[in-house]
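Chain lettering (A, B, C and D) follows the sequence in which the chains are written, and residue indices restart at 1 in each chain.
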Amino acid sequence: MNKSRVEAFSDGVFAIAITLLVLTIAQPDNYKDLSHQLAARWPSLAAYVVSFAVIGIMWLNHHSLFGSFERIDRGLFYLNLLLLLTITFLPYPTGVLGKSLALGEGTRTAAVFYAVTMAVNACAWSALWLYASGRRRLLKDSFPEEERALATLLFTIGVVLYALAVGVAFLNAYAFLALQAALAIYYALDPVNRRPGRRRGGPASGDELAGGTGLTNTPGRLRRRS
Amino acid sequence: MNKSRVEAFSDGVFAIAITLLVLTIAQPDNYKDLSHQLAARWPSLAAYVVSFAVIGIMWLNHHSLFGSFERIDRGLFYLNLLLLLTITFLPYPTGVLGKSLALGEGTRTAAVFYAVTMAVNACAWSALWLYASGRRRLLKDSFPEEERALATLLFTIGVVLYALAVGVAFLNAYAFLALQAALAIYYALDPVNRRPGRRRGGPASGDELAGGTGLTNTPGRLRRRS
Amino acid sequence: MNKSRVEAFSDGVFAIAITLLVLTIAQPDNYKDLSHQLAARWPSLAAYVVSFAVIGIMWLNHHSLFGSFERIDRGLFYLNLLLLLTITFLPYPTGVLGKSLALGEGTRTAAVFYAVTMAVNACAWSALWLYASGRRRLLKDSFPEEERALATLLFTIGVVLYALAVGVAFLNAYAFLALQAALAIYYALDPVNRRPGRRRGGPASGDELAGGTGLTNTPGRLRRRS
Amino acid sequence: MNKSRVEAFSDGVFAIAITLLVLTIAQPDNYKDLSHQLAARWPSLAAYVVSFAVIGIMWLNHHSLFGSFERIDRGLFYLNLLLLLTITFLPYPTGVLGKSLALGEGTRTAAVFYAVTMAVNACAWSALWLYASGRRRLLKDSFPEEERALATLLFTIGVVLYALAVGVAFLNAYAFLALQAALAIYYALDPVNRRPGRRRGGPASGDELAGGTGLTNTPGRLRRRS
């Protein structure tokens, strides 16, 4: 019960954050030359779409990760709150990045700002996992031990990856945005769970979503367990 | 279970998008001549009401469509995310269209912008349906085969209709807005499900909503199944 | 099931509209004389509190009214959508009224604008009730027939009351705001359900909320039934 | 059932308020010197993080407090509405405080304004508790009598604490912000429930969240009961 209320609260926060993103696209300054104004906002639209995908995929991830937990305790609640903090904050760097690219000013700063937010987010995911999985504190009994170490490795790789993305942001803001999109697609395709030999018959649970979903900032392996 | 959480997440996004629409009506610039200022905003109000109806009817549609699915898989989740993207984006073109009509500047551009958003939305609905219904991938067994082809036809007509609406937007922004309202009313009246010979007794399930609801961008036939 | 999803969707819209209200209070223009700036915004704060109470009490009302329905059909869904439209719109006139009173400009127009929104809202409540209760279309069998006529009378009185409030708004904006507050308190106190002889033992259902709640724009009698 | 719908409505309001907080961080004024602009907004970010923590911890508190209630009545609903009013209002003083600190103007007024909001919030929590616990009106039978008086004492201390914080706000805005953060951490650590001798084996309910969570403005003791 309590676990499901924390999930419902988190779902609400995800749903609101993803919908608020649209407010990050600046209104036209004038309507005389509207088509030019709208066209000039394409970086805002691109940043909007990338952040939308990131939050959407993270929702799926959150859903799956919590599926592997037997219960929730106070520590996990606070780490989850930290995670939600980084997600609800995302509309701000999204708006800044989009506007900065549209203006062609401060693009490096804006990209690094967005990248750092994502890196902190990756750390929050890892902290959540390390806390919940350490000594199997909150894991379901059915979560296989051999996958635990792999998941920890993959979460760590995620942190490294998003730290490296900060470096890319230093070099070029557009390259960074493309990298963010690529990372989102990579996690969405969930290559880990699709590698040969991983396909299992599994129980006919009618629960396809839980199996084989991979998401931004988290190892896809986890999702087989939920 | 997972299906219901995706539905709940989607419901949240619909509810937030429909409520955020009010932010698209620009605040009065001055209060000395307030009645004039408010009266001049009637196109914003009209665009607000149309978009509100569109999102509300789409919610009903989404609800009914998902009722015909046995389960949800990863592909459907991503297509649903794409659909939600077009819906959460709607407040932006709504605001632009309303303000443009109020100013009498850039109305053609604004109407085309709104129309293109709706056309992309129609494509997202079709893609969702084609994915879910192809080889009956996710359909309930109780969904009759003969209705599947009809639904596909109707979804395709929807895409064509919204593509044609882009053309109307090129001609006249007010005509386009009226067309949007007419399309919403058409789908809301759900003529397909009401044609003679379609009324069935049906089980006394107390579930009137599922049967006979028709919505923007989707064929009403679908809704008999949920 | 479907009824509960429409209720959940409506709950979401109520929750978002009530929370968005805070955005209607204008940011300070300068921070040098902040205490003066904040003090000058008291009408915005008053309008905020009144609208917050109105939406909160309406949520309770909605909750209770739907408790008297056996099921939901398409017509009710659309009338409910109309009702939600008037509620999600409320932040706009609330912001306009607050700012207008703070500036001391356009107060009559702003008050009439708010009053008309509330009158349309009262009509939406009545339409919902007349549709659902006509020939007992959607009412639970347990809803007593003698209360149906009374409820219709009380809903009609509500429409008349809110129509009269438009007249008060024409006379004085502050008097109108005070009247709105008084109406909210009146409905919240629910005098109808508390009149002598109405107190019943009732089943020890542990469900105190359903019994005896009265709300803005609706007759309290209804709530005994849910 | 009704209790759970009031909880769901409240959860929605908490989730939206916590997500709207991001809108309180002002957009950059220019992008030429973006890194400087962003750095200058650190007080807004600090206020954002503190308010986020406050609302998140209060959600947990609300969750736990309602867990000790057997049922909800009309009076409690209105007191809960008052509580939600103070929570949904919080983004406004958060934005004002952040901007005021960034500008270095009106900081005392902004801090007092935030502090008063929190003090009213503490009163709303106390009123909710006193109403629900008075003559055990709404408490579960399993809630031990000896803890009732202690909880009342702790709620009263909370009111005194937040009243004293208004005084700190008069002296220094930064000290006040630090105090808010410290109070949030204090309640989050929940020292009351962790004092020696309080650890009980408890039933293996798998419900760790209910036990031992402490939150801003409420005594942690309460949470053992839910």
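Here is the rule we use: contacts are C-beta pairs under 8 Å (C-beta built on N, C-alpha and C of every residue); 3 or more make two chains touch, one makes a residue touch a chain.
All values reported here derive from a predicted model rather than from experimental measurement.
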item: Chain whose Cα centroid lies at the greatest distance from that of chain C; value: A
item: Chain A and chain B: spacing of chain centres that average the CA atoms, whole Å; value: 27
item: Rounded Å distance between chain B and chain D, as computed from the means of their C-alpha atoms; value: 39
item: Contacts with two or more other chains, residues of chain C listed in rising order; value: 8, 12, 16, 20, 23
item: Graph class of chain-chain contacts, one of line, ring, star, complete, other; value: ring
item: All pairs of touching chains, each written as two labels joined by a dash; value: A-B, A-D, B-C, C-D
item: List of chain B residues in touch with chain A within their complex; value: 1-3, 5-6, 8-9, 12-13, 16-17, 20, 23, 70-74, 77-78, 81, 84-85, 88-89, 91-92, 95-96, 99-100, 103, 105-106, 109-110, 113
item: Chain D residues touching chain A - in the complex, by the definition given at the top; value: 7-8, 11-12, 14-16, 18-23, 25, 27-28, 30-35, 38, 48-49, 52-53, 56-57, 59-60, 63, 188, 190, 206-210, 212-213
